[in-house]
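Chain naming follows the written order as A, B, C and D, and within any one chain the residues start at number 1.
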C-alpha cells in the first residue's frame, strides 16, 4: 500500500540535481548582461542637433555605466558559477535562496540605468543606488553559500574548503555596507572601494586561497611567539 | 520494404526526451522574468523635473509590480521544474499543452506593466487583469499535469504520488476563479488571497504532502467514528 | 610528421554534434517569442485619456498580432525541434542554412509589430508583410531538411522516413507563395489559408504520416484499376 | 589534517569543464542577435504620415544594419563555437578573456544601431564605429585562441592544428586595423574589405586548411628552387 511515509521518502530520495538550476540561472545572467545595451542604444534616439561623436562624448556616463553594469554581472556569474562547482544537489528552499540572487541580478540593469542618467546630476544618490545593489548581491551570495554548507548540498570531501570559501562572502557583506556608508561622505572613495571589491572577487577561488594562507601564517607566528 | 506500419512504429518508438522541452521552457521563463526590469527603467526616461529619489518614491507601484511579477514567474518556474522532475517523455500534443503555459508566461509582463501603470488610477481593473492571468496560469498548470498523468508521460512508480500532485493544480483553478470574482467586491481581500496562493505554491511538493497527510488523518477519524 | 592530409582528416573526423546548434537555436526561438510582449506593453505607454479597458479594446489588433506571432514562432520551434530529432551531425555549411532560419525567426517580431500597427489602416500590405515572412520560413525549413538529407546528417535508418518528412516542407513553399499572391486579391481568404497552414504544421510528424497514407492508398487504387 | 597545500591541489584538480562557459556564451550570443530586431521595430513607432511601404523604404539602412549586425554576430558565434570544439577545460583567467569577447558581442547592437541611424548622415563616422567594433572582436577572438593554446586548455593531439587555427585570428587583427584606417579614406572600400572578412571567417576551419595548403605549397616551391 502507498502510505504517507513512503510518499515522504520518495520525495526525499528524489534529490534534485543542481545542473538544472544553474542552467536557468545562467539564462537569467545572460539576459540581464545583454539587456544593458538597450540603455546605450537609447542615447541615439534622443532628439538632438549634435553629430554622432558629440552625442557619444556627451553621454560618456552611459558608456561608463554600461561597463560597470557588465563587469558587475560578469563577476556575479563567475562567483555563482564557482559556487555551483561544489553545490551538487538542491532542495525547494534553496530554489528560493537562489531566486533572491536572481531577483537582484535582474534588478541590476535598473541601478545601471540610474548611474547612466543621474551620475552627473546627483552623484551621491546615484552611487548609493548602485551601492545598495551591491549590498543585496553580497547578502544573496553569502546566503547561497551558507545555506548550501549548512544543508549539505555540497559533497563531503569539499566541506573544509567550502567553509573557507563561504567566509569570503560573509566578509563581503560588511565590506559593502561600509562602502555604502562611505558613499554619503565621499562617492569617489566609495567608488575606489568598489573597484577594489571587483579586483577581489574577480577570482574567488584564488581569493579564498590567499586569505587561507594569510590566516595560517598569522596563526603560525602567534604560536611561535608563545 | 518500408511500409506505413513500420513508419508509424518508428515515429512512436522515437519517444522524445522531455529535457529539450524543459530547456526551451526554461529559456522562456528566464527571459520573461528578466524583461520585467525594462518597465522599471522606463520610469527614468519620463520627463520630469523631480530628483531621483522623488521619482522612485512617486513610482512605488512600479517597484511593487516588478516584485509581484518576478515572484509570479519564479513560482511558475519552480512548479514547472517540479512537474518536469516526474515527466519523462513528451508527445506532439504535450508540446501544445506546454506551449499554452509558455504563452501565459510570456504574457505575464503585460499584466505586470498594467499593475505598474494603473494600480493607483484603476485598482479593481488592474487587479482583475492580473487575476485573470493567474486563472490562465492555473488552468495551464493543471492541463500539463493532467495530460502527463493521463498519457503516461511519467514513470509508473511515481503515478500514485503524481496523482496527489496534479490534484493541487485542479484545486488552484477554483481558487483563482474565486479570487478573481472577489476582486470586484474588494481588490484588497483578493490581494490577500493571492499572497496566500503564493505561500501555498512556493513549495508544491511540500504542499502535496501536507494535503495528503490532512486527507489521511480525516479518513482515519471517519473510520474510527464508524 | 603533421601534414595537410592528416589535418584535413582530423577536421573531417571531428564531426560536430548537432545538440549544440539546437541549443543555440532554442535560445534564439525562446527570446524571439518572449520579445513579442514588448510590443504589447507599448500600448500602455501611449498618451491617452482613455481608461485601461478602452485602451485595450481599442488596440485589439495588438493582442491578435501577439497571438499570431506567438503561434508562428511556437510552430517553427516544434518543427525545428522535430527535424533535430533526426539530424545527428552538422557541418559548417549547415550552420549557415540553420543561420538563415534563425535570421527569419529573429525577424518575425517585426512583421508581428507591422500587423499590430497597420492591420486596420493598411490590411493588405500588413498581411503581405506577414505572408512574405511565411514564405521565407518555409524556404528556410525546406532548406534545412533538404541539406540534412542530401549530406547524410541524419542516421541511415531514418532516411526513408525523413524523405517523406522533408517533402512536406517543399510543399509548404508553393503553399505560402500561393497564399502570398491570394493576399493581394483578398487578405481574408489569405488569412484562412494561413490558419490552415497552422493546423497542418502544428504536428509535422502526424502530417507526414497522413500524407504517406493518402499516397499509398491512391497508389493502391491506381494499381487495382490497372 | 587539511593544509593549504591540499587545498591548493584540490582547487587545481577541480578543472572546470568548458561546456558550462560555452552555454553561458551561447545564451549571450542568442540574446544579442535577437535584440537587433527591437531597433527595427522602432521605425514603426516614429510619428509620420507616410504609409507602411514608404516608411520601410525610407528606412532601408535600418534593414541593412539589421542584416549586417545579424551576420556579424552569427559569424562570431560560428567562430566561437569552432574554437570551443577544441577547448576542453577552462581556468578563472580564461573566464575573463572570454568575458571580454562577450563584452564586445553584447556591445555589437550599439554600432548596429549607429549604422541604422547615421549611415546616411555621417557615413564615415558610422562606419568607423562599426570598424572599431570589428577590431575589438578580432582582438578578443585572437586572445581566446592564444590563451587556450598557451595554457594547454586544448587536448594535446589537436595542438598542431590549433596552432594554425589561432594564427588566422592574429592575422585578422592587422586586417581589421587596416580596414579601420581605410575607412577614413573611403568608407566604401572599407565596406568591401569587411565583406571579404565575412567571406573568410564564414568557415574558419576551411580557411585554416586553405592557408595551411598555401603555406606548404610556397615552402615546397622555395625548397625546389634551392
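Operating definition for what follows: contacts are C-beta pairs under 8 Å (C-beta built on N, C-alpha and C of every residue); 3 or more make two chains touch, one makes a residue touch a chain.
Keep in mind the model is a prediction, meaning the values are calculated, not measured.
Fitting subunit A to subunit B on Cα positions gives a rotation angle of 90°, stated in steps of 5. In terms of the distance between Cα centroids, subunit B is separated most widely from D. Under half of the residue numbers at the interface between copies subunit B and subunit C are found on both sides, making the touching surfaces mostly different. If you average the CA atoms of subunit C and of subunit D, the two centres end up 28 Å from each other. The geometric centre of subunit A is 39 Å away from that of subunit C, both derived from CA atoms.
Among the residues of subunit A, those touching two or more other chains are numbered 23, 27, 30-31, 35, 38.
Taken in their complex, subunit D has these residues touching subunit C: 22-23, 26-27, 29-31, 33-38, 40-41, 44-45, 51-53, 66, 70, 74, 77-78, 81-82, 85, 158, 160-161, 164, 202-203, 205-206, 209, 212-213, 216. Of all residues in subunit B, those touching subunit C in their complex are 2, 4, 7-8, 10-11, 14, 16, 20, 23-24, 27-28, 30-32, 35, 38-39, 42, 92-93, 95-96, 99, 102-103, 106-107, 109-110, 113-114, 117-118, 121-122, 125-126, 129.
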